[in-house]
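So, here's a batch of structures to check.
Each of the two complexes below includes chain A, the first together with chain B, the second together with chain C.
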Partner chain A sequence: MDKKIYLYGLIPAAEADQQPLPSVEGFDGEGKLYTFPIDDITAVVCDLDPNEYAEESIEQKINNDLEWLQKKAFHHHEALTLLYNNYTVIPLKFCTIYNSEESLQQSIKSNGDKVENSFQLLKGNEEWNLKIYCDEDQLKQQVSQNNTTIEEKRKEIKELPPGRQFFERKKIDHLIEKELDKEKDRLCDHIHEQLKTYAVQADVKKNWGKDVTGLKENMSWNSVYLLPVAKVEAFLAKVESEEKGLDGSGLRLEASGPWPAYHFSSFS
Partner chain B sequence: MSSLRETVENKEVGLIDILDVILDKGVAIKGDLIISIAGVDLVYLDLRVLIASVETLVQSYENDQSGVTSDNFDEQRRELVDATGQPNKWTD
Partner chain C sequence: MAVEQPMQSSTIVDVLEKVLDKGVVIAGDIRVGIADVELLTIKIRLIVASVDKAKEIGMDWWETDPYLSSKATENNQALEEENKKLKERLDALESQMSNNRWNTADQE
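Right after this comes the complex of A and B.
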């Protein structure tokens, strides 16, 4: 059976010719990364043993060997960061593995235009991420004190006979929860709309649960922006000022970047 | 004074930040994480499996606080500097 090929990223051949690839250890810790030219595109890859890296065995590892997952995820990230620092790069997702050189070649050749478009898009632009975390107890307090819907409900309850007040108060807790979610979405959405104005492209991604982040706060927003390099500083200043403006609301903004453009580049 | 950019760039990123980006589209689009591009010759992984793995990982961190932090990295670096007697080219 052929060797398998782990694909890290794609770089323009002209850039690859100008600057030799730095020496980086491969995914298996034995081989090295090397370049694989396909027309005007240079793929950065490493070889993998076909038996050791069969689909089932990778899945098995991810299932049972967390250290392995963590080590390899970091390896992938570090290799791409190095490429990103040296070239215009289309990063591939973790564990993009081809069964043979031919299938790699074929897949890249048939997507040549998309690759070229991505290279053009990435020139002079950077990918940045924003996550918003929410201390819900704190925001709940604010909502509970300042929300007109809840205020009105409270007034209504005061007029009721004592027996009914008890049940209506229970309902108000439920109402607060609902208003909390609304308020959270409203605040995050407002921030996103502001930040979008700096970006060439922007997207909202999925939030991760507390179990995954290991944080006490909930992730309330996860978005990604493709920013012209010259606008990054202003974007970050806006993040900072938006956060200051939210003081006391329990929302915390966390920007990170620049990342290799995992989100805004693609070739399939 | 350093720029905001430098400050953010030098901030430590966690495993979740890295997984969030390196798995980007797999996570964003559907439940099953497609860690690959096309058809038969690529590796597919189940997102639920991966999420479960990360959950366990986070829990094991919570139980064991002696993981890699910039503090203990700094401490180790100082020890190395002392041990080698080399001048410290990193400023504290």
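Right after this comes the complex of A and C.
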């Protein structure tokens, strides 16, 4: 059986020709990464033993061998970061593996236009992430003090007999929770709309739970932006000023980047 | 505001989110289904956090325990080697000493 090919990323052949590939250890820790030219596209790959890296055994490892997954996911990311620092690169997903050179070649050739468009999109642009975390106790306090709906409800309650006040207060707590969520969405949405104006493309992603992030605050927003290099500085300044403007609300903004364009470069 | 540089200090959560994303590899010839990216991320984060924590409070004894760590085995080999050499020197000294005793006995 043929050797298998692990595909890390694609770079424009013109750039690959200008600069030799840095030396990087392969996925199996034995071989090295090398370039594989396919017309105007250069694939950065390494070889894998076909018996060791059968579909079932990889799936088994990913889902059950956490140490392996952690090590290899970081290896994948580190290799792509190195490529990203040297070339325009379309990063592939973790464990993109072909059964033979021919198969890789065929797949790239049939997606030639898409790859070319992706190169054009990524050239001169950077992928940045924004996560907004919320200290809910703090925001709750603000909402509870400054929200007109809640204020009116409080006034209403004061007029009631004491026995009913108790139950109505419980209702207010529930109302505060609802208003808190609304306020959080409104603030995050507003920030995103502002930041989107700097970006060529922008997407909103799924929020992660506290048990995933390991943080005390809830993640309230998770978005990704493709920014022209020239606008990155202004984007970050905007993030900072938005955060300052929210002082006391319990919201914390965290921008990270530039990342290899995992999000904005779909290839298949 | 914190700006993180993924080149230097990617957190595990960020990297796993980026490289695993939707959980199924659709490029390439093999189709790898990832059961639950969130669950895997939680588990990995916990492993890393507990190792870091243990180091912080000095509970990294397993790194020097030969039953648990290959590093410790290397250390052990060095120790055994040193031990062997010391024994040889001791043997040599002892036999020298007993020779000396015979010599003094002769003289008496």
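Everything below uses one rule, namely that the second predicted complex is superposed on the first by the 268 of 268 C-alpha atoms of A that agree within 3 Å, B and C clash if a C-alpha of one lies under 4 Å from a C-alpha of the other, contacts with A are read in each partner's own complex, and residues count from 1 in each chain.
As a convention for this text, contacts are C-beta pairs under 8 Å (C-beta built on N, C-alpha and C of every residue); 3 or more make two chains touch, one makes a residue touch a chain.
Remember, predicted model here, so these are calculated numbers, not experimental data.
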Report clash or fit for the pair chain B and chain C bound to chain A in the combined superposed model. clash
Partner chain in contact with A:T213 - chain B first, chain C second, else both or neither: both
Could you tell me if A:K196 is touching chain B, chain C, both of them or neither one (first, second, both, neither)? neither
So, A:E233: does it touch chain B (first), chain C (second), both, or neither? first
Mind working out whether A:K3 is in touch with chain B, chain C, both or neither, as first, second, both or neither? neither
Using the touch definition from the top, say if A:L253 reaches chain B (first), chain C (second), both or neither. second
Where does A:R154 make contact in the superposed view: on chain B (first), on chain C (second), on both, or on neither? neither
Between chain B (first) and chain C (second), which does A:E243 come into contact with in this model arrangement: first, second, both, or neither? second
Is A:K114 contacted by the first partner chain B, the second partner chain C, both or neither? neither
Which positions of chain A sit in both the chain B and the chain C interface? 55, 58-59, 62-63, 66, 69-70, 73-74, 76-77, 92-99, 103, 107, 129, 208, 211-214, 236, 240, 255-260, 262-263, 267-268
Within the complex, which stretch of chain A touches chain C? 7, 55, 58-59, 62-63, 66-67, 69-70, 73-74, 76-77, 81, 85, 92-99, 103, 107, 129, 208-209, 211-214, 236, 239-240, 243, 252-260, 262-263, 267-268
Quick one: in the complex, what on chain B touches chain A? 3-5, 8-9, 11, 13, 15-28, 35-38, 40-46, 49-51, 53-62
Please name which positions on chain A make contact with chain B in the complex. 55, 58-59, 62-63, 66, 69-70, 73-74, 76-77, 80, 91-100, 103, 107, 129, 131, 203, 205-206, 208, 211-214, 222, 224, 232-233, 236-237, 240, 255-260, 262-263, 266-268
Which residues of chain C touch chain A in their complex? 1-7, 10, 12-21, 25-35, 38, 40-45, 47-49
